[in-house]
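Next, two complexes with chain A in common: one pairs it with chain B, the other with chain C.
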Partner chain A sequence: MLIRRAFDICVKKQHVFKSVVSSPHSTLSPLNLEGGGGAILKSLSTNVYENLAVEDWIHDNIDLQGKNILFLWRNSSAVVIGRHQNPWQECNLKLMREHGIQLARRRSGGGTVYHDMGNINMTFFTNKKKYDRMKNLNMITKSLNKLRPQMDVRPTERLDLLLNGHFKVSGTAAKLGRTNAYHHCTLLCNSDRALLSSVLKSPCQGLKSNATPSVPSPVKNLLEEDPTLDCGIIMDSIVTEYTKQYGLDHHIILIEPKDEATLPGISKMTQDLQTWEWVFGKTPKFSVSTSFKLGYKLSSAMVTLNIAVKNGTIDSCNIKLPQHWLPSEMCEHLASHLIGNKFCPSETTRLTSALLRTCPQSEELHHKWNILCENVASVM
Partner chain B sequence: MAAVTVLRCSGRFMGRLICAPQYRSCTRGRFIRSDYILNKPSLKIGQQRRFFRNTPVAAGQVLQFKLSDIGEGITEVTVKEWYVKEGDTVSQFDSICEVQSDKASVTITSRYDGVISKLYYNVDDTAIVGKPLVDIETEAVKVGALEEDVLEAPAVSHDEHTHQEIKGQKTMATPAVRRLAMENNIKLSEVVGTGRDGRILKEDILNYLSKQTGAILPLSPTPEIVPPPPQARTTPPQPKDKSLPVTKPAVTKPVFTGKDRTEPLKGFHKAMVKTMSAALKIPHFGYCDEIDLTQLAQLREELKSMAESRGVRLSYMPFFIKAASLGLLHYPILNASLDDSCQNITYKASHNIGLAMDTQQGLIVPNVRNVQMLSIFDIAAELNRLQTLGATGQLGTNELTGGTFTISNIGSIGGTYAKPVILPPEVAIGALGKIQALPRFNAKGEVVKAHIMNVSWSADHRIIDGATMCRFSNLWKSYLENPASMLMDLK
Partner chain C sequence: MAMRTVLACVSANFPKTLSLLPRAAQRPAYWLAWKPCVPRTFSTASRLSSALKFTDKHEWVRVEGGTGIVGISNFAQEALGDVVYCGLPEVGTKLKKMDEFGALESVKAASELYSPLTGEVTEINTALADNPGLVNKSCYKDGWLIKMTLDNPSELEELLEEDAYEKYIKSIED
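And now, the complex of A and B:
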């Protein structure tokens, strides 16, 4: 009682929520609720960066002592990698660029997942003391059991949810801070499975890294098991179970992640999540060793490439190519210029095209250089 | 039970605070200690009175900060990233490192203010819960903070940490802030906290004081930011501040604390240095002119909807590019290349007209290949394609190499006249200014509204002379001022 009152008096929070006490369904109402303490939030946005920023905002700004918050969100096509993962190792970046699928790095640990509108994301915010992932997963399975008693969905030790004991329908990840913690998980309702499996397969050869690897599993959509379900029905059922468990009102607060007045500081958080430095630059150091065959007219050559990448930029680069095919000075020239460059195909192409302008003007050399550079860029 | 302990001890602590001056002189000698291990709460409480001092003590204390319990019975974690290194100064609640355990990423924050003196693990090592994670060297006076942290450990709830119970409200402030408030006889309940969760910060106390006395107290240079010589954090000079004359006018010169930042030149910028240095060797001459695009503007309006029905966005660029190509047919020397030794000119057969584009990454120059074979619609479609690829970072070597002539539409951002630099191995480049509505005289001598654009050409004077550039420009201009004439020469 005393503790809760203390937080009611927090001047900063009052200031934050002053502008917001209008319509209870459209904005974030003050979270100092009478009785119980908690809320159910749902995002109005399908932008993965905005939604991840809302998670960060709640984690950093809301005092969760005695409170439980559930946040529901869905995104348009995106791949989300864990905090310490390597995107080159986890997904097919080229395919994603072609399809316009975004890449995001979340702040929680765990593996890589594919999001689209057929996937529900749920985040359970609690105080660090009340952090209990199995409890949340049990609550989800309980709600699904009530909805469709004949459907067999159960949590595993690895905190996945399995359908019929075999197909993964949900993966889990968590983040713990000084006082707050959150556990979030996915739920495959009606995702594009074909795209999911092709996008989560990396074409990168010869990649050595200590980054957290993902554990691939066969997946299935809940709708494939029972076509009468949809995302809305499933979300409602989970909300109902959550309100029962924590004694809350069945009242969903809609969050607009673009609203700086409701969530001060959120635009910067959203921006931070989109920077190259965060998405790619936070990759733990790794190396790529590969070789490929280059052909031009009737001549061909084997190239070996060794690149070490730190913070997403090339730390060292070694290109070995037979002298007859391309002068070694040109190779060294390329290798030395690549150092310090981002491990990114468009940046590399921009660099190599610019370098070509000052290379000797021979059509054959130009063609060979282009072929070499294209192949080097394709590794990234 | 832990809560009761905290209240009781803080009460005692308060008692000690009030009696402080008595201890200053007598307990100095007994103060030096080393290797302060945390797990003895009773010892802390009993010795509280030793640690309250106003004057700094010479020896810093090295404290082992142990990896605290993460929950769910986890005993080991992997260290994934360090946010600090040995020698860094940290404040309480600063992030120290990121560890991972079983899909959970945990941010470990510092419990103390001080200087990191030792990191026990490297990245990717396994850290054990309960064992030391870092050593923090902290100043003696700050040790007051420790005791409350130790008391906090059993309760593990931050709201019980350093609270001051006044009028039934809890105010949060670090011990350093509390001492500052106490020294200035300020009640924390009267200060508005602007820190997280309403926490009272040092700045809040100073603001409160300045409002009271009308003096601006210079803020101590924040030791958290300035990299220290490896010693304990310097005491904030609050005792000295108290002696400031209260009646000074409240005007202080703003102090600029920005620092120069040097970074090595990397990647594309290094390549640009090479390219531009090579360009410098080319003797440039410039030639500028003014084009009346009134008729072209009208034509474009008429054709825009037709292009859109075919799914292509039509700008002015396709017209400029096609007109340039038609001009190059008459003046092929502008589409040539001089070899490095300046012995031979190569007249390029294809008109691969480059278009300088400004993207998120910076300057990029994709080219439209074989413009001599393309219609205006084809050029527009190709430009759309290049723009899309440029926006998504997918431009490849085919699009970025092999250019023979370049046009830069800097006017789309702004500007009238420019002095573009030729991109080797080319010999000419044009920069287009913005299109402005300006008054001009027509053939009848009347003032009419005209759409005027400026063009600035640069060419390699080793092989191109002014007359050639001028004639090319006039031809290009005539095609654009009278678009119907383009029809006559279109191939």
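And now, the complex of A and C:
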């Protein structure tokens, strides 16, 4: 028996619902999924790190022999990059900071995506032998087809889902472990497309990297095609199709990712996904070569910046500026101190503020130094 | 911006908690066994692989001068598809047998790599940074992944000889 509930979800406010697995009279025991078949799980959280941690937890802790698990989750605004990607190359980090949009690195491969509450994430867990991404995508398109027969959604060879043969509504990524595998994909129902486009455009110039690049595609929301749809209706339809395909009971287990009793070890997994070392430090080594014009009063100069970054940390740094504008010793001083620092604007600003005390006390040089440092930090 | 969303929810008739089958720590693991009936030719590799030992996760180890060289087998690289990125550990990383030490990203997925031995990483194949396809083109030679010390040489005896590995592949393909 399905219970339908309507929720008001605002950007700033979220309702948290008690997992129906829990009983007020007993402590939660670890998540148990016995018997053949599988299960359908839905997250109570809209925190991207918590939800990615649930994926890790299921992958590491559940025996998927003979089992199929579908995990449904949505996140408040976040950009999620693939395991071997470069966030500086893939998105506008400054804009994300201004809008409070989180950045996460997932453990599967693939490209960069923007998540918000208008996007549905689906993770299909199987053991390695049963790993079949096209099968999962066909199941999704079958369910959408039943829901709206006139809507044209089809998978491509690249395992995207295209609407009307042109607009991407879903992207896929996957991870293969020792014995388990998962395939996850997005589904754009009612996302903020304007924000999506602007955050997925990197302002970084002169970046050279061998990180896996994204393949940008024009996107569209399913609701733009059919305004009578919403995330709930679509998720319902997918659940129905999944239960039919795998002979499961039509019920959904709600997962609270903060619950250490149900998911022992999940807190550490969630923490690990948020560390700077994972999100930024895992970036394959890259270099930035760029020039920009600095101006102070009536004088200006072109500065050339060459920075090599390894593990998210500045490995080498070269700043070239005409001697008449700023003494070269000051540039070398800055460059040498940047080495070993994180490629991060706030860290750089902290460093340069501290270094300012060691500079000559001329007001003009102070101003020029500040302008130089601001511009160097803005590259990050 | 407020959004009204209807979420289909949970059945009220919850079954009693379903019990979890804990994953057996010792279960034999297949690495990438969903591609049956792909003809496999070992003949071109066998001359190179004469000193190779294999894991059931399709990694190989060759010992040269006390150092273990690690890579993935032809079976594995075929199943992976074109490798687009090799995520390898830092030199100096200490690994225990079966520790995850990196990942290979291909069009199929990000596939984790597991250490066949206990030891310390002494070298990584930097050629793979610009040419990850070497793992596909020359998995036993130029596409090696890491070199490591052998802290427990007896672990080598637990690995499969080439013939045994070939038999193993045939058995999982059937």
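In the analysis below, the second predicted complex is superposed on the first by the 344 of 380 C-alpha atoms of A that agree within 3 Å, B and C clash if a C-alpha of one lies under 4 Å from a C-alpha of the other, contacts with A are read in each partner's own complex, and residues count from 1 in each chain.
Here is the rule we go by: contacts are C-beta pairs under 8 Å (C-beta built on N, C-alpha and C of every residue); 3 or more make two chains touch, one makes a residue touch a chain.
What you see is a predicted model; the values in this text were computed from it and never measured.
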Requested in this report: In the overlay, answer first, second, both or neither for which of chain B and chain C A:I81 touches.
Outcome: neither
Query raised in the report: Touching A:V239 in the superposition: chain B (first), chain C (second), both, neither?
Result: second
Query raised in the report: Can A:G118 be said to touch chain B (first), chain C (second), both, or neither?
Result: second
Query raised in the report: After superposition on the shared chain, which partner residues are touched by A:H251: those of chain B (first), chain C (second), both, or neither?
Result: second
Query raised in the report: After lining up the shared chain so the two structures overlap, which partner does A:N210 touch, if you call chain B first and chain C second: first, second, both or neither?
Result: both
Query raised in the report: Taking the superposition as given, does A:A354 touch the first partner, chain B, the second, chain C, both, or neither?
Result: first
Query raised in the report: Is A:K175 in contact with chain B, with chain C, with both, or with neither (first, second, both, neither)?
Result: both
Requested in this report: Quick one: classify A:V279 as touching chain B (first), chain C (second), both or neither.
Outcome: neither
Query - Partner chain(s) touched by A:S346 [first = chain B, second = chain C, both, neither] - result: first
Query - Residues of chain A that lie at the interface with chain B and also at the interface with chain C - result: 2-3, 5-7, 9-11, 61, 63, 65, 82-84, 107-110, 128-129, 131-132, 173-179, 181, 210, 212, 284
Report summary line: In the complex, the residues of chain A that touch chain C are 1-11, 20-21, 29-35, 39, 42, 61-63, 65, 82-84, 107-110, 117-118, 128-132, 173-179, 181, 183, 190, 192, 210-212, 230-233, 235-236, 239, 249-254, 284-285
Report summary line: The answer for chain C against chain A in the complex is residues 1-15, 17-24, 27, 29-34, 57, 84-85, 87, 103, 105-106, 108-112, 114, 129-130
Requested in this report: Note which residues of chain A are touching chain B in the complex, please.
Outcome: 2-3, 5-7, 9-13, 61, 63, 65, 82-84, 97-98, 100, 107-111, 128-129, 131-133, 159, 172-179, 181, 210, 212, 282, 284, 313, 337-342, 344-347, 349-358, 360-361, 366, 370, 373-374, 377
Report summary line: Within the complex, chain A is touched by chain B residues 70-72, 80-81, 93, 98, 100-107, 109, 123-124, 156-159, 163, 168-170, 192-194, 196-198, 264, 266-268, 270-272, 274-275, 278, 337, 339-340, 346, 361, 364-365, 392-398, 400-402, 423-425
